[in-house]
Amino acid sequence: MVYLTRKEHFNAAHQLYNPSWSEEKNIEVFGKCANKNFHGHNYNLFVTVKGKPNPDTGFIMNVKTLSNLIQQEVCELLDHKNLNMDVPELKGTFASTENLAIFIWNKLNPLITECSLHCIELWETENIYTKYYGETD
Amino acid sequence: MVYLTRKEHFNAAHQLYNPSWSEEKNIEVFGKCANKNFHGHNYNLFVTVKGKPNPDTGFIMNVKTLSNLIQQEVCELLDHKNLNMDVPELKGTFASTENLAIFIWNKLNPLITECSLHCIELWETENIYTKYYGETD
Amino acid sequence: MVYLTRKEHFNAAHQLYNPSWSEEKNIEVFGKCANKNFHGHNYNLFVTVKGKPNPDTGFIMNVKTLSNLIQQEVCELLDHKNLNMDVPELKGTFASTENLAIFIWNKLNPLITECSLHCIELWETENIYTKYYGETD
Amino acid sequence: MVYLTRKEHFNAAHQLYNPSWSEEKNIEVFGKCANKNFHGHNYNLFVTVKGKPNPDTGFIMNVKTLSNLIQQEVCELLDHKNLNMDVPELKGTFASTENLAIFIWNKLNPLITECSLHCIELWETENIYTKYYGETD
Amino acid sequence: MVYLTRKEHFNAAHQLYNPSWSEEKNIEVFGKCANKNFHGHNYNLFVTVKGKPNPDTGFIMNVKTLSNLIQQEVCELLDHKNLNMDVPELKGTFASTENLAIFIWNKLNPLITECSLHCIELWETENIYTKYYGETD
Amino acid sequence: MVYLTRKEHFNAAHQLYNPSWSEEKNIEVFGKCANKNFHGHNYNLFVTVKGKPNPDTGFIMNVKTLSNLIQQEVCELLDHKNLNMDVPELKGTFASTENLAIFIWNKLNPLITECSLHCIELWETENIYTKYYGETD
């Protein structure tokens, strides 16, 4: 088993705000992230797949195919978007890095068929990232 | 003359949109940056000052003082903010990286008195940055 | 299960020296790291916790809380310190990156209660790091 | 168990080309990587070993020994080389990042005796890397 | 005057070899870089332009236009190529980082008309780069 | 004129302390950097030379020669050392990043004869660096 990782990125606005809480509680819990006019990040996304190298190519998956898939299915949806307003599938969830990693896993997992999706690693800043390995982890 | 640089960062939302233009022209010129619901970035800011080392300290400026100054005067104003909506002094200007670098220069320049402000370097993404050296450049 | 990582840093002096050995053997084994007047590093520390996102926040742990905890319990103790002389709990152990990772795990593990500590990753230079996952690994 | 990682690098030329395929099929599958005159990369290599810290040193393995081993056994063989033409042991295999990671594992694994080889992580560009943990993974 | 920089990259093979010298002298001067079968690098290219922000956009140049220009005029020509064999305009020159920076300046300079080309910065590895500011520097 | 830069690094301990001041004033000015038992850093050093490419090599200076020179004249002297105690030439000066950059310039400048030394850039941490261009700047 070999693991292959491809990095892509997207830039997006978001806020963290629980509408069932008071303004005070939102600021207490989410701090500056609760700003109603949004703030934003450059997200760096590392997608890892695993499998055995194909004897005809030496690849477990063509990394160009993987890159195109991430761009079409994830970056097209999230890049230069407002994660709270522009992405219907994220409505009603918190746009936390944790939830975004799960969301990206669920978008990509059904589409990776020649090998297996192993991990979604999502960097929100240079100092914060999350990893998700799917439900069976 | 020695040059001393300090890195700080802030995360913000913005859009690029010319209200005197049609929607079509905005999309043609600004592309995805014209999204009305905003997108965002992790900005990395490098502030450079120049001067002669003080014989009592070996410093041209105490880097902790410089760091505090940048945080109080710039990051406090821009971090986790919407650059188009939350910063009164930026109203009516385009929140381009070029204009932000000039804005930051103008905020810091009057406050650096023991040596001279030399350069504002502002990274919008890992692939794009601007530099501004003041008007006398 | 989702994994959340926070990066912090500290700068410290240390030496690697076994007092039960001769000077020659220390230099043979530890090389330049045995310098009796110490040398130092900028340590980068990545702390990973794991758990399920809280439905009220989307967080497995508030990353600001995690950051404060690391700063108070680890950086306060180690930053701008001499690891051989200034840290009573490290007396009598080698200040190797391996031992520092275990030490940091033992400081943080009892204090992370709303989710689980998963990994301590400690970079001594850009080219060397250690990871520790606790004793049950 | 503690994990220790050392980074080394090498620069090499290669091509990806399946001689049993037509020129057209090679370009369709490998794209620009099929260029018959070769292209090249700066490879970054992270080698991870695992074990228990030695009570006499605090090390699971002397990182200088590990660095020398990687340089002598791997970098000496691959640095400033053409991976398709200059490395007899790679003849007849595809010089994919996947296969290179396996090759490097097989070179180093028999030589690491005081602790265990855990992982080979090989970056081909800033955006692509593979990991290999040996056959028992 | 504001300076705007855009990063692009390309991967290429090359060798450094002076055909008017003996094999011995080539190895003495160029070392491993003289390998006749080539080696290669991931080149990182930073292109800086300078000018005044346009009052209609806040841009000194649209960074998307600059990116497309670099990709079409430079990366298309050099990416996944053998710099000694595949680039007619480089025939008869040494493919040193110094000469490549001058070559890229000469390709881009006539095409940047709405503002001025200021600098070509070309990284051959993480440890080596050159800068060229044109002849009038 | 082309500029060529080479990165090297060294790890060292230091303190910032003015012996003509009281303990209180030292802590007020230098903060944690005044720790009498020292702290330390991984220093990254970028040395830039300038000149015209040699028509026989395409080099303004052989970067291997430049690297060896920096290692022998600077790193040999500073790496794994205590900058306050182990370096006779630094006795009586503050081991600030500003002064270190000047010190390194003065060590290297007389030895670079085939082209000109242009700049010493010294990173003390990921967030702080100084630059020195010599007295004629």
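For reference, chains read A, B, C, D, E and F in written order, and residue numbers begin at 1 within each chain.
Operating definition for what follows: contacts are C-beta pairs under 8 Å (C-beta built on N, C-alpha and C of every residue); 3 or more make two chains touch, one makes a residue touch a chain.
Treat the numbers as computed from the prediction; the structure is a model and nothing was measured.
Considering every other chain in turn, the ones in contact with both chain B and chain D prove to be A, E. Path length between chain B and chain F in the touching-chain graph (shortest route): 1.
When each chain is reduced to the average of its Cα atoms, F sits farthest from chain A. Seen from the C-alpha centroid of chain C, the farthest chain centroid is that of E.
Centre-to-centre separation of chain D and chain F, using mean CA positions: 34 Å. Inter-chain spacing, taken between the CA centroids of chain C and chain E, is 41 Å. One finds 28 Å separating the Cα centroids of chain E and chain F. Across the assembly, chain C contributes 31, 126 as residues in contact with two or more other chains. By the contact rule set out at the top, the touching chain pairs are A-B, A-C, A-D, B-E, B-F, C-D, C-F, D-E, E-F. Within the complex formed with chain C, the residues of chain A that make contact are 16, 18, 29-31, 93-99, 101-102, 126-133, 137.
The touching residues of chain C, when paired with chain F in their complex, are 9, 11-14, 31-33, 35, 37-42, 79-82, 85-86, 125-126.
Residues 1-8, 48, 53, 56-60, 62-64, 67 of chain E are the ones touching chain B in the complex.
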